[in-house]
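Each of the two complexes below includes chain A, the first together with chain B, the second together with chain C.
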Partner chain A sequence: MPRAFLEVSPLFESHWTGIPVVAAGLVQCALADPGLDWGFLYENVVIDPLVVTDMLRLRRGSQFFPHLEQQLWNGDVLSPGQMAEAACIFTNLKALRRQFAREALVVHDISTLLTPEFHNTDTVRHHANRLRGDVASTDFFFCVSRATMMDLHSYFGVPLAAAAVIPVGMSVDPCMLTTLLIERAGMSCEPYVCVLGTVEPRKNGGIVLAFLRDNPNMLDKYRFVFIGRDGWNDEKRRMLDELDRLGLPTSRIVFTGFVPEETKMRLVLSSRFCIYPSFFEGYGIPIAEAAALGKYVVCSNSSSMTEVAPEMCFFFDPTDLLAFADAFFKAELAADLTWLDRLGFADIAARLEARDWRRAYDTIRSWVVEGTPA
Partner chain B sequence: MIRYAPAYRCGQVTVQNATVSGLAYPAEGPRCCAIELVSASRVVGMLRADRFSDRAAALHIRDGWCGFDYQLRSSDFVFDDTLMLRCAVSRRVLHVVTHATVAWENEASDSAARQLVTVAGLLTPGRTGTAAGLSRYESLIRRLAGSIDKAAFVSFAFQFLLGRDPDPDGRQIYFDSITSGNDPFSVLEEIALSDEHTVLRRGWLPSPFDEQFPAVPVFLPTRADPARR
Partner chain C sequence: MLGLFEEIWVPCRYAAEVVGGYTDRPVRVVPSPILDAESHPRRKTTGAAPRQTGLAQLARIDWVPLAIFARLQGSFNSHGLARRRRLRDILPSDVPGRPAKIFLSVFNPHDGRKQILPMLQGFLEFARTEPEAVLLLKTTSPDDTNGTINQRLLERQVFSADTQALPLVSERVWITNAALTDAELDALYSLATFYLCTPYCEGQNLPVLEAMARGVVPVSPCHTAMADYLDDDNAIIIPHTLAEAPMPLQEVYRIWNSQTHLVSAADVVAALRAACRLGPAEIRAKAAAASARVGGQYGTAAFDQAITALLGGPSEAEAGA
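Let's turn to the complex of A and B:
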C-alpha cells in the first residue's frame, strides 16, 4: 500500500475558517480511504489519527498542542529515511523542504504578496520570506481556485503542467442540517441580511456601511448581521467608529464575532440573502456555503469569487458603491420572487453532494498514487 | 460519513403522538450512529442517536447515550406513504413507519403557530438544562475519572460545564480537592451550581457526541472501528 503523509498543522488553529477547513476536508477523506496508508504530520511530528479524528469532531485543534509535546517526547518523529521514501502534501506553508521523495503544496492564495495593504506587516514578512522557497522546493501545486493557480503561474513562473485546481468542498453535518431546517419551519424570523467573513480590511465591510449611509431606509427593512470573527488591523473598531460618525442606528447592525458552525448555519438559513464584498479571496468558502443553502449572494467580482457559485451570485466591483447597490437590489428582488431561500433537506443535500470533498481528495490521491492529478 | 458509526443494533422503536423514538448504537467505539429518514428512495432528513435514554441506561447500553427521537411531519410522507429509518453508514433498514399508523391530530400545521424570532434569538437558541441533568452523565464521568489524570479531569470539568479552560485558582482548588480524596463527580456537581453555569450557560450540557463536548476518551476506540485506525 502506498505510504503518504499529510502535513496538517492548520488543524491546530483554535477557530477553523478558510485554510483549516480545506485541510480538514482533505483529512476526513484520507481517514476514510483504506487504499492508501496516510500518516498525519505537524511539521515532522507524527500525529495520532485518534487525535486527528477528535479535531474533526470538535472543529478546532489548539487544545492538542500537548499531544505534539508528548509525541516529541516519545520520539514519534519522521526520520530522513522515512521521508525519503514517501510523498507529502503540505496543506499550507512548508516547514520541511526537499525532505520527502515528492512534495506537493496546497496553495490557498498569495494575497499577502498581492494585496499587502490588507495584512499586518509581520504576516506579509512571514509569507514573503518563505513563499519563494516553498515554491522552489515543491513538485506539484494544488490550488483552491483557477485564480490562485494563475497567480502562481504569473508571479512565480510555476508551469501550468505542475499545478491543478482542487474543487473545494463543503462538509455539513446532515443531522445538524435536519435539526436546523425543522427549527426554521417552526418559526418566523425578523428580516435580516448576512454579511459573511472575518471582520478585517480585506473583506470590505466598509462598502456595506457606505451603502447604508446612502440608503438608510434599508436599515428599517433589514437588520444587517456581520458573521465572522474579529480579524486583524482593528477593523471592527474602525467600522464601529464609522457607524457612529454616520449616525446610523447601531441596534440594527449586529457583529456576531466568531460563532460555532451550527449558529452560523442557523443564521444563514433564515436570512433573506447574503453579502460577500471581499476585495480578494483565494476561494471564498462562505459563498459556496450560502449558495448551497439556497441563498443568493451579493458577491464581489474580484479574484476567485466568480468561480465559486455564479448561478447564485449577483456580482459587483468591490470598489464601486453604485454597482454594489445595483447587485443588492437585484438580490433582494430575486429573493422576493423565488422560494429558493426555503429549500428543503433533499434539495440542499443534493447541492452539498455536488460539493463533496472527495472530488478534491481524488485529485490529490491520484497524484500520490499515479504521479498525475485526476 | 466519518462522524458516525454503523448501527450494530437498533431496537425499542415506538411511534407515539407522531414521534418515532428508539435506540441505535454501534458495537463499540467513540462515535454515535446516525439514522437516515428515507421516503421513496430520497433522504429527507437525518438524525443522531445521541440522546440520553432511560431505557438504554437501564439496559446498561452506552451509559444510556444512544437514544433517538423524531417528530414526524406529514410533509415527510409527500413522496410515499412509508418512511424508512435506515443506518446512515451501512444503509441497513432499521424500521419502517407508515403514514396510516401515525396519530396526526397533534401536528402543528397552522403557520400562525410559528414562533416569532429575532436575530438575538437565533444567536442564543433556547438551550436549557438543569443541574439535575448532570446525573445523566454520572456513570460516563465516573468511568472517565478513572482513565485520565487529575489535572486533565479538572480541565474536562471546566470545558464541559463552562465551555472554557480553568482559571489558575479554579484549577488548583479542584485539583487539590480531588487529590485529597473527594469524589471527582462531586467536583462537577459543585461547578454546576455556579452562576456561570446556571446563568451564563443556562445549565446547558452537550451530548457526549456534540462538537461542544470536550475531547476526552469517553467511549474508547477499538481496532474494530475503522475511522480510528
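Let's turn to the complex of A and C:
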C-alpha cells in the first residue's frame, strides 16, 4: 500500500476558517480511504490519527498542543529515511523542503504578496521570505481556484502542467442540517442580511456601511449581521468608528464575532440573502456555503470569487459603490421572487453532494498514487 | 589601518593568507597558547573512579534538555526547566572497557559562525540508533540562564527568515549555561570521549584545542583554523563543502556574496557513527595524538619565541652562544 503523509498543522488553529477548513476536508477523506497508508504530521512530528479524528469532530485543534508536545518528547518525529520513501502533501506552508520523495503544496492564495496593504507587516514578511523557497522545492501544486493557479503561474513562473485546481468542498453534518431546518420551520424572525467573512480590511466591510449611509431605509427593512471573527489591523474598531461617524443606528448592525459552525449555519439559513464584498480571495468558502444553503450572494467580482457559485451570485466591482447597490437590489428582488432561500433538506443535500470533498481528495490521491492528478 | 603596525600576528595560517592579501606588512602565525597544553598530556582512563570524581565535581550544575519548538517556545522553555537534571542522572552507566558515547561541545550561542543547526539535527538522527549516546552543550552566554538558553539557540542558531524552524526536542542533548570553575570544566572534559563542532569558519577554535589538550577526540570539519591541527590521526573529520554563506551569516557579518564552509546533517551523522565504531585502542591513539599535537604546536614556546623576536631579544645564535 502506498505510504504518504499529510502535513496538517492548520488543524491546530483554535478557529477554523479558510485554510484549516480545506485541510480538514482533505483529512476527512484521507481517514476514510483504506487504499492509502496516510500518516499525519505537524511539520515533522507524527500526529496520532485518533487525535486528528478528534480535531475533526470538534472542528478546532488548539487544545491538542499537549499531544504534539508529548510526541516531541517521545522523539516521534519522521526520520530522513522515512521521508525519502514517501510523498507528502503540505496543506499550507512547507516546514520541510526536498525531504520527501515527492512534495505537493496546497496553495490557497498569495494575497499577502499581491495585496500586502490588507495584512500585518509580520505576515507579509513571513510569506515573502518563505514562498519562493516553498515553490522552488515543490513538485506539484494543488490550487483552490483557477485564479490562484494563474497567480502562481504569473508571479512564480510555475508551469501549468505542474498545477491543478482542486474543487473545494463542503462538509455539513446531515443531522445538524435536519435539526436546523426543523428549527427554522418552527420560528419566524425579522428579515436580516448576512455579511460573511472575518472582519479584516481585505473583506471590504466598509462598502456595506457606505451603502447604508446612502440607503438608510435598508436598515428599517433588514438587520445587517456581520458573521466572522475579529481579524487584524483593527478593522472592527475602524468600522465601529465609521458607524458612529455616520450616525447609523448601531442596534440594526450586529457583529457576531467568531461563531461555531452550527450557529453560523443557523444564521445563514434564516437570512434573506448574503453579502461577500471582499477585495481579494484565494477561493471564498463562505460564498459556496451560502449558495449551497440556497442563499443568493451579493458578491465581489474580483480574483477567485466568480468561480465559486456564479449561478447564485450577483457580482459587483468591490471598489464601486453604485455597482454594489445594483447587485444588492437584484439579490433582494431574486430572493423575493424565487423563494430559494427556503430550500428544504433534499435540495440542500443535493447541492452539498455536488460539493463533496471527495472530488478534491481524488485529484490529490491520483497524484500520490499515479503521479498525475485525476 | 594594517599599515600602522610593524608586524601582524594572526592565530592560524588561513587568517595569515586572508590578512596577507590586504597588507604589505609581515603577517605571522602566532596562535594563542593553550596554557594547559603541557599539563594535560593525557588524563583519560577508563573505569569508574575518574568518572565518579568528574560527576562529583559537577554535582551542583543543572542541565536542561534541548527544547526548541518555535510555535510554543515559551512553554518549551518551561518544559526544559521542569526537566532539568544533574549529570549523574543523565549519563548512561559506565561499562568497563567500552568507550562512553559522550560528546561535548562548548560555544557561545550568540556566535553566528558556529553552525549549530546541522550539529543538532545530525546528532538527533544519530541518536535514534545509538541509545547510549549523549551530547552535552556547554554554552557561554552572559545574557542567558538555563531557562532562556533554548530560546537563545532558536533565535541565534536555528531561526532563519526563509525557512520554517523545525522542532528540536530531545532528552539526549543536554545544555548548561552555568559558569564553570576551571576544576568543573576539567571535570566536564574528563567525562567526554569526543568533542563535536561544526563551525562555518574559525580563527583558532580554542575550545576544541582545549578539549584535545585533555585527550578528548575531536569530531570536526577540517578547514580554516582547524586545518592547522586536525587530521585523520587525531580526529574524526566531518566533510564540508564551500558554498554561498547562508543569508543570516551574510547579514550579521556583512559578508555579502561570500562563500563559507557548510556541513550537512547527514555528514554529521556519518562522522558520529564513525566515532562510535572506534575501539578503545583507536580512541586512545587518537586522543594521544590530539594531546601531543596541542602540546607541541600550541604550548607557550611558540608564543615566547614570537615575543622575544619582536622585542629584539637574543637571536638563536646568540642564545646558543
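Worth pointing out:
In the analysis below, the second predicted complex is superposed on the first by the 374 of 374 C-alpha atoms of A that agree within 3 Å, B and C clash if a C-alpha of one lies under 4 Å from a C-alpha of the other, contacts with A are read in each partner's own complex, and residues count from 1 in each chain.
What we mean here is this: a residue touches a chain if its C-beta (ideal position, glycine included) is under 8 Å from a C-beta of that chain, and two chains touch if they have at least 3 such contacts.
This one's a predicted model, so the numbers in the text were calculated from it and none came from an experiment.
With both complexes brought onto chain A, simultaneous placement of chain B and chain C is permitted, the two fitting side by side without a clash.
Judged by the touch definition given at the top, the superposed model places A:53 against chain B, while chain C stays out of reach. In the superposition on chain A, A:346 contacts chain B only, with no contact to chain C. Once chain A of one complex is fitted onto chain A of the other, the partner contacts of A:95 are limited to chain C, with no touch recorded for chain B.
Residue contacts after overlaying the shared chain place A:213 against neither chain B nor chain C. Considering which of chain B and chain C touches more of chain A, the answer is B. In the superposed pair of complexes, A:223 makes contact with chain B only, with no contact to chain C.
Once the two complexes are overlaid on the shared chain, A:63 sits against chain B while remaining clear of chain C. After overlaying the two complexes on the shared chain, residue contacts for A:32 are found with chain B alone; chain C is out of touch. Across the overlaid complexes, the C-alpha centre of chain A sees chain B and chain C at an angle of 100°, to the nearest 10. For the overlaid pair of complexes, the smallest distance between C-alpha atoms of chain B and those of chain C rounds to 16 Å.
Residues 43-45, 65, 69, 72-73, 75, 77, 79-80, 93-97, 125, 129-130, 132-133 of chain A touch chain C in their complex. The touching residues of chain B, counted against chain A in their complex, run 1-3, 30, 34, 37, 42-48, 71, 73, 88, 108, 111, 114-120, 122-123, 125, 209, 211-212, 215, 221, 226-229. Contacts from chain A toward chain B in the complex involve residues 28, 31-32, 34, 49-50, 53-59, 63-64, 173-175, 177-179, 181-183, 185-190, 192, 223, 225, 254, 256, 259-263, 266-267, 270, 344-346, 349. Listed in rising order, the residues of chain C touching chain A in the complex are 69, 72, 75-76, 79, 125, 128, 161-164, 166-167, 169-171, 265-266.
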